[in-house]
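Across the two complexes that follow, chain A remains constant while its partner is chain B and subsequently chain C.
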Partner chain A sequence: MSKVNPDFVEKISGFTEFNAYACINCGSCTALCPMGIDLLPRRMFRHVMLGFEDKVLENTEEVFSCLLCKMCEENCPKEVPIVENIKSIRWYINRDIFKLGRG
Partner chain B sequence: MAVPIKHVLGILVDNLSIRGSVMPLSRSSSVNWAKGLNIPRGGKTVIYTGLMYQLMPSIIAMEKMTSKFADSWISNFYGVGRMVNKVISITPFMTWTNASERERFNSILHNIAKLLQVANVDFGYLYDEEMYAGALVHDEGINDVFEAHAHKVYERLKKHNVERVITVDPHTTDMLKSVYPKIIKDYQLEVKSYLEVLAESNLKPLKKLEQDIVIHDSCVYARYEGIIDQPRQLLENAGAQIIEPINTKKMTYCCGGPAESLFPSKARTVADSRVEQLASVGDKSVTMCPICFVNIRAAAETKNLSVKDISDYLVDAYCDQ
Partner chain C sequence: MSDKRRIGVYVCHCGGNISDYVDVEQVRDAVKDDQDVIISKNVMFACSDATQQEIIEDIEREKLDGLVVASCSPTLHLQTFKAVAQRANLNPYQYTQVNLREQCSWTHRNNMESATEKGIKLVRAGIARTRLTEPLTNIRIETKPRTLVIGAGVAGLRAALALADLGLAVFVVEKESEVGGWTKKWGKMFPNNRLGNDTIEYLLEQVKQRENITLFTDAELIEKGGNVGDFSIKIRVKEGETVSLDVGAIIVATGFDSYEPFDGEYGYGLNGVVTLPQFKEMVDKSNGSLNFNDHQVKNIAYIYCVGSRQPEDGEIENPNLYCSRYCCSAAVHTASCVADIDPNINQYHLYRDMRTYGKYEVMFENAGKKKSLFIRFDDESSPEVEVSNGALIVKVNDALDGGEEIEIGADLIVLVTGMVPRENESLTNVLKIPIGLDGFYNEIHPKLRPVETVVDGVFISGTSQGPKTLAESVTSSLSAVSKSAALLMKGYVDLEPFIAEVDTDKCVWCGECEKSCPYGAIEKVVCDTKEVATIIPALCKGGGVCIPDCPEDAIEIKGYTDQQIRSMIDALAKEVA
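Showing the complex of A and B:
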């Protein structure tokens, strides 16, 4: 069982703050995603907001497989900045886990 | 995990930090396309290739390697490779390019500059001073490396007193037009894609394009930058009949390209679906992004679908050949 950790989301921010609070979990994004990955984007965002760091990391491959094509974002009824959020999760993994970047 | 994400990204980061480009590109490979065009060096308005078209032959070669070895020893190789790559660039060994491919991509840039000249646009070029805009590291979320690079690119443009840039591909357009202004203070640069510049000019067709052409919008042009009408206007003014595939304009379907370097087989599935859509409505298609061009062309090989860059059609209609 993953532990709920409300502080985790603080670590996730990129050029803008992580912001998926308006998400109503309608599923449009997942249904339209050409990569057909069930986790993208809404379940991934749930993991982040609940602070399930282990779940996010288990699914690193999904995080990096997003095409940033914005098909989801274009059709999101709540105007969630989906692509910026995904890039923020990438930045967290690159910085804290892969130790890439300028250090 | 098929390809070790960390090491592939690591190689890109090292190349960008140490060598200024995600993949090494010789001076001649960067600027050869401009031969014979007499484009002045520098100027207040410059064409900005961002090296995207020039990098495609290396990217194609690198991707062939990746997909060949995705499941075997490459996992180890990438780790060692990254260490070696810091000292001597290993990427050229992984990316032997093919001369006809180099010519193919150079011809697209040549077309674009020719069209701008015919439209009487006054522009220069920075030649070997031009830098890659950093789209790949931006997209992969390597934020600090990207930020530092973006500043270098901007300083370079300012050093040459550039005020306006004309971009040639959607990714560089989005970087310079929408992403840089968010991270660079007091950013002052007017950025337009050549498609916008040409659509605003009073370019007149010299020849009719009496063809039905299936259009493939780039995600970045259509959904990020709202560049949707300009390519249609330019093709239609020349007499072409545009065929819209089922997913088009703001609902365009990705070519799969952005997943190519890490997940080649998934990327291919996306490209196959898109080619299916295009081929079901016509036999000639047009792209306007180097990444789309490469991916759609590869997936269309076994289909009855030709793939051209939009500049191929435009040069045919608007320039005296």
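Showing the complex of A and C:
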């Protein structure tokens, strides 16, 4: 059981506005990923939007494995800004979890 | 019947469709010496122009008074050969079509000998029936150039305007004290955000400008007599007064009811659980912010398909199996209106399948851009609504995240309710129009005759026939207008003569036939001081249910008499020599 937390997405949106609401869960991104990362970005984004912080953090390694090659973004039928969203998640983890960059 | 008849029989090859599996030459030869058969021929394509001409020449030269074509299904070519008979001055009701293709060659491809034997029997039955045919004429009825429209919602009002503009007089009967139905109650409607009330005001203004429309409010249809093209009706208007009118056609536009969830269905009854129409009213009336119980609304969960697509074998008695068509689009559009009021409201849509079909798909995409989140659940795992620490929560398995169970806290839970048939028992009894398994009024054919009913001259339109969007309701009401106008502007209507006939010598008026007739086509008359049954030709459908109920065996159907049917059975049962 995971509780939906609408405020979490606001925390992620500190870098640029996190935006994956147009996602229709078609799975093109997962299928095209050259890293073969099973989780990104479809389910990861869903976890962000639903506010499942623990699930996002469980997959920190996947978040940082992404090459930002934009293969998924170029082929996204709904034009979700996938790379910007991943950068947002990294930014959040670096700042709030790893406590980096704030001296 | 001892009179000699002169019958022509044409056995068709249908290219090879028939002759590959039935020995058509053998069929031709088997019947050529049968009683009253003057001509027995094979033809390659009976429906071809050259063969039609050949048949006409044969009829004229041989003075034939009966015609049998053994070819395909009557659905395909009955009218073709009736017209052939007519062109040769032979009464078209002295023609019989034998279905040698769909009911013989195509069904028995593996046994030519038996197929041929069956073919001979079928043709003999056709000849037997034809031998006993009499010339019949269509029943012609003069029509009244006036239409009654029942219901002054958007479908009824739009129909009235279109009929009036075609030059027909229109009477509109509305049960409520004001016009507009559901549409009048609604604010912004999809797809263009026009206010429902504005739409109705516009239509009403147009109605007022037309002298040939008479609108009755607080009124009800209480009686319908007569028949297609010439109904005599009674309308109850205010304070017990009635008005009698003659109209040629009737359009039913009585609309729908909104599904009322049962107590506890997805938490219905709990504070904060509302139906889509209730929620729509809150959104329409909100001014700058959306509040509930004096608090600003932050989180909304929608549950789709409430009262629609209910499982057939579940616990619900008489489940609504149909999709209500409009609710997905209406809910998504309402969510968009909510986002316009307050873009910070979180909206969660718990759906089974998203059916924002056609042009409305754009609204679904736009809702996504306005931060609506769509969560799909499987049919087997419906969401559950609970109260936890005084707050509403919904639990659902997110099918798009591997069925993970999630919990959403919501200030409001909107049950996206569909359309159900309106309770209209007294009207249904007056009109005698059938109701489908879904409870809505039933059309004759969903594709080809979508607004006609089995009662000639009574048409159904809008959501009285089934769930529809506003645009679809108007399309359907204009379709009923064109059917009604096509009937009335010709000035007359011809009906097939296959109707019941009472033998007044045998009839003793017991009333059994009157009770059995679903169309009210039988009534009592006095004939030479004797009470007997009589048939109202325009109402009789030739269904024949009265016949077995008559203890005196006094009723027959013209064109399908007992004698004809018996002779056909005899022909079918007789061994092929």
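Structural remarks
In the analysis below, the second predicted complex is superposed on the first by the 100 of 103 C-alpha atoms of A that agree within 3 Å, B and C clash if a C-alpha of one lies under 4 Å from a C-alpha of the other, contacts with A are read in each partner's own complex, and residues count from 1 in each chain.
Note that a residue touches a chain if its C-beta (ideal position, glycine included) is under 8 Å from a C-beta of that chain, and two chains touch if they have at least 3 such contacts.
Keep in mind it's a predicted model, so treat the numbers as computed, not measured.
If you count the residues of chain A touched by chain B and by chain C, you find the higher number for B. Of the two partner chains, chain B is the only one touched by A:101; chain C is not.
By the document's definition of touching, of the two partners only chain C reaches A:2; chain B does not.
With both structures placed on the common chain, the touch criterion links A:43 to chain C but leaves chain B unconnected. Those residues of chain C whose C-beta lies close enough to touch chain A in the complex are 298-299, 346, 348, 365, 368-373, 395, 398, 400-402, 404-409. Within the complex, the chain A residues that touch chain C are 1-4, 6, 21-25, 43, 46-47, 49-50, 52, 78.
Only residues 14-15, 34-35, 60-61, 64-65, 67-71, 73-74, 86-91, 93-95, 98, 100-102 of chain A touch chain B when the two sit together in their complex. In the complex of the two chains, the chain B residues touching chain A come out as 1, 5-6, 9-10, 13, 17, 138-145, 148, 182-183, 219, 223-224, 250-251, 253-254, 256-259, 262-263, 266, 270, 273.
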